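Next come two complexes built around chain A: one with chain B, the other with chain C.
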Partner chain A sequence: MIPALAVPVWRTLPWRTLGAAGAAGLLTAGLSRLPGTEPDSRLALGLLRGAALAGALGLAFLLDDPARDGTTTVPTGRAARTALRVALVAPVAALWWAAALLLVPGAHRPPAGAVTLEAGTACALALAAATVAVRHSDDPRPGRPAATAVLVTALLAPLLLPSRWALFTGPEDPRWAAAHDRWAWLLAGAVTVGVASLGEPLGHPFRRTADQPT
Partner chain B sequence: MTALVPETEPATAPAAARSASRTTLAAVGALARFEARRLLLRVPVLLALAGYAAWIGWRTLQPWDDYPVLQDADRATQGGPLLVGLAALLCANHAVLRSRRRDTERHLAVLVLPQGHRTAAHALSVVPLALLTAAGVAVQFTWEALKPGAVGRGSVAELLVGPLTVLLFGAIGVLLARLAPSAVAAPLLVVLFFLMFVGAAFPFSGQETGAAWFAPVVGGPGTHPLPSALLGRPAGWHALYLAGLALTAALLAVLVSGTRTRTVRAGLAAALTLTVLGGVVQTGGVPQVTTAARLRASLTPEKDQTCVRQGTTAYCAFPEWTPRIGDWARVVRRVQSLAGGPAHGQRLLVRQRVEARYGLYDDAALRPSTTPHQVTVGTSWGGNRVPEFSTAVAAVLVAGDEKTAGELCDGRMVTVMWLSLAWQSDPEAQLRHVRVDDSLTGPAVVLSRTEPLTMTAGQTKVVRALLHQPFYGVAARVKAHWSELTKPRISTARAAELLGVRAGAGADRCE
Partner chain C sequence: MTVTVSASGLSLRYGGTRALDEVSLRLSRGVTGLLGPNGAGKTTLLRVLATAVPADRGAFTVLGHDPATARGRQELRRELGYLPQTPGFHPDFTPFAFVDYVAILKELTDRAARHREVRRVLDEADLAEVRGTRIKKLSGGMRQRVALAAALVGDPGFLVLDEPTVGLDPEQRMRFREVIARAGEDRTVLLSTHQTEDVAMLCHRVLVMAGGRIRFDGTPAELTARAAGRVWSSTGRDPGAKAGWRTGAGGFRNVGDPPEGADLLEPTLEDGYLLTLDGDPAEVTA
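Showing the complex of A and B:
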């Protein structure tokens, strides 16, 4: 069943949105190579985080399905279709992230593993937001509210997080390692929430339907 | 039952056209008001406004901000509105795309207002948010200006930058929705703008002149405020550039939406002219006259300064800082009252100095003065600047001049630090503040507007022991042994002995 679905799902993925987000991310990462910019590892880290955020914003639109009303009834459950979408886009996203990493000059590139963890968490959070939005609305395009939530969170978190829970630290910061433990926990949380909201809910939890006994 | 319609006179053609255009304007206004209300109630905008209000409060309540210099305080209002501007970009974009998303474009297309007019209404809907930001800027600046320690004067053009940024970002959001009607475009642009304008990834950011001025907010306040005549910032042209750019974006959005009347084209041409004019003039660099004034103020400040004598001390300050002379005089009086011997009645000259030759963001120390009994004071005040100045006064009283004071390495440092700190409330906390590493033990560098002083671990121990002793006893001993305490090459151990403390002083730096 899944191989048969792969081609149609591949064709319905929002490639233009993903492409725009990917291009914006690469542009962001490449800003550090522009003339007039002082090479600086803190700036490079900021730009890579920006690139990761751009990619995550694109992924928030991954579950947009204009034909949602029609596909709800197909025999393959939503969990499988969503998982297939994620699986199809994951290699492309990995390639894109490698390109973004390579765009930053090597001398100023932050530790690749740690930044990749941050980028992976951002993408997982965006996907989890999209999954939750799909589960809790009938909107065929739940990407916009999901992307807005991710964007607002990402811009406000560095300003509002107390120092004890700092996430956006630099490699020279003594809290760098602890911050990446927190990133890993965040990734685990995002994956858990995303997986938990994968399936099609059986009946609306908050809405009484006529055939339910009152 | 039917209502009777009163018979009207047949309208002439121009009158009908006028009335039709008035109806259209009224409809655009009504739509703009409706969209403005929706925009103000969107969650990102509300969050941004709450964050902006918190930012104003947090900044303005800081203790180091008790003595604002208004020509820097006006620039300090520009950062916060960026957040509101980004929210405006996102939400104005969403609002324009709403009819597409909900598939109501077809219904709206048959109504009286063509798409261009609706776009204009969306662009206008950002105006109330910009006005709200202007109110925030006004509150922040007025709050600073009303502080008793405020000096200097602000510039209206610098204050306009915040609201104009909100307007510009909102207009860009509307234009983006017409150029790239996709829900992902605005969030991506927000990320890019955030990195460039908040995260300083804009190429040329950090420069003082040239292409840096194409960014909406150019440079925050510097470390050391300068007299307003030395700023040389093309603030007026920059405000014109921002206003022109906002108008250009809005009119371009209207044009792209299909309304291509002569008025719109003429308006667009005018807005573009304004933008280019402001954009070109603002990158012209620091004017010659400002460079000359900077040179004069850095090398021969006495030519620009006003001098006031209070007690035995003369205070020379740039005219904008004369209200602060009272604060300096209080410190000098307290320090000098603790000194003994000839220093007690010594005539001092406190001269304000700046280093403006290397631009607004230069953070270099000033060259110590070799003139005897002259003390340098900077342009900032409040917080650590008070114990810093107090130490400078004490060092000149003990060593004679700043150059010698900068080279102090012996037991005289104990006397300097005690004079500087003993009169202050909570001297140990001030000792911590005046040391660069905020420590209370071990060796440390002591803050200074000129060459920094250094304390050894032994001197730190002795000074702390002195601060724990009864004040009047130490004061009497300082006065009694003044000539020996201020003699060059006195050891720290000897100074401790004279002042009656038993603390292992260790060796001095120059021994």
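Showing the complex of A and C:
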């Protein structure tokens, strides 16, 4: 059944939103190649982080489904459908991120593994936010609140996080390795929350769950 | 008659609002109408029975399947067709592609058999001619029929229809009634509506909800009979009437407790419905 679903689900994905976010991300990364720009490692890292945020904001809309009301009650579970959506978009997202990395001049490109971990975590956080929104609301378009949550988090985290928990460090910073340990934990947390929220929708927030169907 | 849907004590709160309050019911094959004012709990009841949202308390079975377990819920969903109050679509899909998508979600995996089934329900919903037209180019009535076709695909034994005729013109409503009546011949259909004519024309049984509770459970004739002797005509507005309006003929039609010697009229289902809503909230007639 999943192979039969792949084509129609591919068609239901919010390609315009994903495309706009992807284009914004590539443009951001590509700023480092603008004539007259004096690229440096710090700028390149900032631009790649901006590109990752753009991509994550696009992915927050991945679970938007205008037909949700009529397809909530089909026997194919939501976990399978969500997993299929993620699986379909993952290769595209990987190619897009590779392109964003290549747009940054090699001499100034930050360590690809570390910055890819940051981008992957941002995307996982966006997907987790969307999954939580679907589980706790009837909204067929949970992307907007999920994207807002991701954007606010991304803007506030560098301001509010204490130095010992810093995430947005540079490669030359002695906290770089420790920061990426924290990124890895964040990624694990986002994946855990996302997977834990794949159950059937509860309809609205803070529902008592004692009598929920198992 | 064989009971196909049985619910007892269904309750659900949204914040401080009691959307369902100890609702119990038993349905059998045929079309059962669900009437009630806005906010009565009709949509919530339908969503609970369609497994779109779980109840806080209570239990129900559909065709012997208990949704309290994951397996039971999945079995129930295999027997379910659900048309929500505001069906959404992927606007670039055609009716064929959309119903085919829903058919795959309903586990119809054999491509040839599935396409036959999709064509069958599109024919049944009178959409054969527009099956290749994008949904965004269809009228509201046609979109509603696409949603009905999606509900019908897979030949479900239990059909839940939430105000399917709202916003349709008289001809479209007539066509919808034909489809619903056909569906009710061999299925259990629960039809929520504001249109008492739909209930009078289609349903062998009617439930009236208000305040999250079932206020009436009986046949349309029994609901109509509740207004026997309580509908009368007068030349002017009768201040004692619970509801009254000037008719096209010039006189007033009143519903309520008639004065002595009033000129009584034949009641309609709507009269019975109005008086049921106006009655004692604790009173349930079965």
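Definition applied: the second predicted complex is superposed on the first by the 200 of 214 C-alpha atoms of A that agree within 3 Å, B and C clash if a C-alpha of one lies under 4 Å from a C-alpha of the other, contacts with A are read in each partner's own complex, and residues count from 1 in each chain.
In this text, a residue touches a chain if its C-beta (ideal position, glycine included) is under 8 Å from a C-beta of that chain, and two chains touch if they have at least 3 such contacts.
It should be emphasised that the depicted structure is a prediction, and the values quoted were computed from it without experimental measurement.
S.K.: Is A:201 contacted by the first partner chain B, the second partner chain C, both or neither?
M.R.: second
S.K.: With the two complexes superposed on chain A, say which partner A:155 touches: chain B (first), chain C (second), both, or neither.
M.R.: Once the two structures are laid over each other on A, A:155 reaches chain B alone.
S.K.: If you stack the two complexes on chain A, which partner ends up touching A:91: first (chain B), second (chain C), both, or neither?
M.R.: Touch partners of A:91: none, neither chain B nor chain C.
S.K.: Output check: A:174 vs chain B and chain C. Expected answer is one of first, second, both, neither. What do you get?
M.R.: A:174 contacts neither chain B nor chain C.
S.K.: Pick one for A:147: touches chain B only (first), chain C only (second), both, or neither.
M.R.: The first partner, chain B, only.
S.K.: By the touch definition at the top of the document, which applies to A:106: first (chain B), second (chain C), both, or neither?
M.R.: neither
S.K.: Overlap the chain B and chain C contact sets on chain A and report the shared residues.
M.R.: Touching chain B in the first complex and chain C in the second, no residue of chain A appears in both lists.
S.K.: Going by the contact rule at the top, pick out the chain C residues touching chain A in the complex.
M.R.: Checking each residue of chain C against chain A gives 14, 47, 50-57, 67-70, 72-74, 77-78, 80, 82-93, 97-98, 100-102, 104-107, 109, 111, 147, 150-151.
S.K.: In their complex, what parts of chain B are in touch with chain A?
M.R.: 43-44, 47, 51, 83, 86, 90, 94, 101, 182-185, 187-188, 190-192, 194-196, 199-201, 203-204, 206, 211
S.K.: Give the list of chain A residues in touch with chain B in this complex.
M.R.: 16-17, 20-21, 24, 27-28, 31-32, 34-38, 43, 46-47, 50, 53-54, 57-58, 61, 141, 143-144, 147-148, 151-152, 155-156, 159
S.K.: Sort out for me which residues of chain A touch chain C in the complex.
M.R.: Within the complex, chain A contacts chain C at residues 1, 4-5, 8, 11-12, 65-77, 81, 138, 140, 200-204, 207-208, 211-214.
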